[in-house]
Amino acid sequence: MGNPLLPLQLWLDDHPVLQNWLYNLVPVLVIVLLALALRQGLKQPIWAEAARRIRRRPAALWAIGIIGFYGLIAFSDSIGLYDAKKQERVSLLDAISRREKERYYSAPLATMTTGEAFPKPLKEKHILGTDGKGDDVLYQTLKGARTAFIIGGLTSLLTIPVGIILGLLSGFYSGTKYKWIDDLITYIYTVISSIPSILLQIAFVMVLGKGIFQICIALGMARWVGLCRQVRGETLRHREREYVRGARALGVSTWGILTRHILPNLLPTVIIFTTLGISGLILSEAILSYLGVGVGDGVGSWGNMINASRDELAREPILWWNLASASTAMLGIVLAFNLLGDALRDAIDPRLRS
Amino acid sequence: MLNYIVRRVLYAIPTLIGVLLVTWFLFFKTASPEVIARRNLSSRAPTQAQIQSWIKGHGYDKPPLDQLQNSTLDMMRFRFGKSDATKEDILERVKKGVVPSFTIGFNSFVATVFFAVIFAAIAAYFRGTYVDTMTTVICVIGMSLVYMIYIIGFQFLFCKILKLGPTWGFNPDENLIKYILIPTIIGVVAGLATEIRLYRTFLLEEINLDYVRTARAKGVAEPAVLLKHVLKNALIPIITNTVAVLPGLILGSLLLENFFGIPGLGSYLVEAISANDFTVVRAMVFLGTLLYIVGLILTDIAYALVDPRVRLS
Amino acid sequence: MSDVLLSVENLKTYFRTSRGIVKAVDGVSFTVEKGKTRALVGESGCGKSMTALSILQLVPEPAGYIDGGKIVFEGRDLLDLTWSDMRTVRGKDIGMIFQEPMTSLNPTFTIGSQLSEAMTIHGKDFGTAIERAVELLDLVGIKDARQTLRQYPHELSGGMRQRVMIAIALSNNPKLLIADEPTTALDVTVQAQILRLLKDLQERLGMAVLMITHNLGIVSEIADDVSVMYAGQVVEESATGALFSMPRHPYTQGLFASLPARNPRGQDLETLEGIVPDAAAWPSGCRFAERCKKKFDACSVPAPVVEGVRCHLMVSGGTGGVENGEWGVGNQPPNSPLTTPHSPDAPEAIDA
């Protein structure tokens, strides 16, 4: 028995275009799902009230704006174009912001290289300077947006179904005739959550290898436990409510109860968990990349940029723009998701708990 | 009470066994021995013979039950074997690394919880005012920063500019404080943001409860209401949550020791990662989990001690 | 030397909410005399609890605030006091007990610690406080006082916790005890015990009591004077006997008329039609007008308070708008309440 994912990974590696499509599909899927959920949800007065509350919080609106802005950048990196001059496929983002590779470091808006004994003139203007390999810092930063969205989106897409299904089953059968289901699932998530998540993630990437898909699996494995626990708690709460008992008395099937009565009530939990989780996922990717078990070279990511900037601060003069750019970009999106998650939690939770 | 402790420890055993199963599965079953050997030997373009000898040497060719038994029992007896990369005994290196890592870790833990409670209490006392809002804003921003930024920023500030301590290095014969002071401080600052917000929430949840109104009706002054009545009750969720600080300490250990050149458990793991040293990584995963489980047990015990409703049942 | 211990004058307590300003207490006035009991009666949402909380300035902040009025206790306006002066009133001159004994005590401190705290913060030393605590627990009918001191709230029943609350409130011999629905959350038999206890203590200690309740049975049992509240205002004020024998405000009349025991068997129950208006937007005229069977033109403006009744019918002898067959103020409905008050063992609550 080997790595169950290996065939899939190898196949993906052999079909880079399709792999690309998969990654591009993810943000689209996420947005479509969100829009559907929103449209469905807004019909209910509870959600309309929640939306109203969010609209009144400026921080949340800014957050949505920032996420949208980053999303746009990520999306532009997903649109494929054909560069006839260079005869290769590039993305829209590439077409707009890619710059010539220089020889060496250069400061933002500088005309000569920095840190060399004999500075040479630059081929192009670099708004945020270049890094050690001569690549434009702004360009790399922008490329990182797509990676962040994929990591956040794909991991969430993997985590959510697993967390919901296992949590539902576990909570629903708790204490009943089939309580072994609950015991088993509880045991599994207790075991997995006993391993500190950073260690679990490191172990997974070491075994599966570096890469975006592998990171998503590694991050997801540590993540689903949290959702499963919360979903289980919510299921237990709702299971005892009168309307569920009433439905059973009326003869509604188990499946019916799960999907029509309990599942909709899990939605707020899932949404809040996911939104707040994405910021953690993006931060985790940076940390894993820094430790050398990240997305791997060749993929533009803010974690790789920070990793590369390790030695730059010790130099004279200090080369700070690589680090500053990557961390600011990351701070922006992480802060936005944190603010949005907080606003959602305040808007949705008390409403439904009262 | 003793009953409770014993039960708690006993519950931990199947969990630990489960963890060992998971790590065994992870390291032995998710990829074929070939692939793992290749990954491990990746730096030195291995020949087929080297791969085979690696597989034999690490026991990947034995039947699964044997593998399981060996790795599980070995782990539990702390027989970690030798490092793939450096061939040194893992347990020996671990023993050497324990002191610096635990010193930084334990001190960070205590200081983080202590200061988090203080700042949370201040924010809760001045709830609704700009003090509270500022605290929340700073904490949200703080939660959104990558750990590395904290280290880079404060290392630059404290070591380069203020010259309060060495940027790099460690000498076990000298006074430990000199080398661990700044890493500990950074570890505390990095972990404060989340904890302050959390504790503030716990305090504010209690403030609106009936018994607080009773205390005020008796004539208790506001500071005493917060620091005596509310805090005592909020300590219950606070203590239960201190266990969540532990993974942060592990992460801190990895990064801080790496930045400050401190030869602890964290830097050992980071080296092992770069060297694709599976044996060491396995050992460290086990150790980290063991520590975490011990932390969980201690937290449960502490919770039982603090909440009279649990203590007396 | 006046007999009035507490005089609440035109008290206004408002709340800021997302729907606007809620005027929970909107111009409430009443007095409590030394050694006597006044009941503040009304249904849920009429503002009676908020009135009680306002006296000790325990209104939930930051949403709630006292907008105006005076609360004169022993000659001083409590709303003018500094925070530290107010703290000497709380728990010392005025004691208060609340509705939910299950959650009103701190779960992490012993009974003894919470009881003695009530005394130590007002100057007694710990030793004296403990001794007094034992006396107090005896006083409120808790056997085995010393044992109870070492217990935690969750080890006591609801009735016992309420007794402890009473002991705490009485620990510094207050001149006034405010009781906010102290028996609502208790079993019926325990209710009776607690009420008897309160009445007993009041007589023994010569204390004044302000009793907040929605239960007319309790009112008849222990109150000397009654103020009936509706929609944030006092609509009728009487001595208890007078209220029960001759309710004057249409709301009060409706309340008594709708008591099941007052309605003969086999006939439909008399009810008060309609519901309480939205507190965020009180009607501009008489607030009871839309439900009132006797409303007439004058009721579109706020009613004056005449002889303790807030009703236009009190003005000009009360003949306005009376049709044949309808009964007017002063005349009794067919099923009028008896003069003997109801026994509290089967209390009749007013809530819809």
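The first chain written gets the first letter, and so on, giving A, B and C; residue counts start at 1 in each chain.
The rule is short, and it goes like this: a contact is a pair of C-beta atoms (placed from the backbone, for glycine too) under 8 Å apart; a residue touches a chain by one contact, two chains touch by 3 or more.
As the structure is a computational prediction, the values presented were derived from the model and not from experiment.
Undergrad: Going by the stated contact rule, which chains contact subunit B and subunit C alike?
TA: Where subunit B and subunit C might share a partner, there is none at all.
Undergrad: Name the chain whose C-alpha centroid is farthest from the C-alpha centroid of subunit B.
TA: Checked the centroid distances; the maximum from subunit B is C.
Undergrad: Name the two chains that are joined by the greatest number of C-beta pairs in contact.
TA: Looking at every pair of chains, the most contacts join A-B.
Undergrad: Please tell me the distance, in whole Å, between the geometric centres of subunit A and subunit C computed from their C-alpha atoms.
TA: Comparing mean C-alpha positions, subunit C is 56 Å from subunit A.
Undergrad: Could you put a whole-Å number on the gap between the CA centroids of subunit A and subunit B?
TA: 23
Undergrad: Listing for subunit A: what residues touch at least two other chains?
TA: If we look for residues of subunit A contacting two or more partner chains, we find none.
Undergrad: Which residues of subunit B touch subunit C in their complex?
TA: Listed in rising order, the residues are 128, 208-211, 213-221, 224, 229, 232-233, 236, 306-309, 312.
Undergrad: Flag every residue of subunit B that touches subunit A in the complex, lowest number first.
TA: Contacts found on subunit B: 14-16, 18-19, 21-23, 26-27, 29-32, 35-36, 39, 140-141, 143-149, 152, 156, 246-247, 250-251, 254-255, 269-270, 273-274, 276, 278, 281-282, 284-285, 288-289, 292-293, 296.
Undergrad: Which subunit A residues qualify as touching subunit B in the complex?
TA: Subunit A reaches subunit B through residues 1-6, 187-188, 190-192, 194-200, 202-204, 206-209, 279, 283, 286-287, 290-293, 306, 313, 323, 327, 330-331, 334-335, 338-339, 342.
Undergrad: Would you pull the subunit C residues touching subunit B in the complex into a rising list?
TA: 56, 58, 60, 62, 84, 87-92, 95-96, 98, 100, 103-109, 117-118, 121-122, 152, 154-155, 165, 168-169
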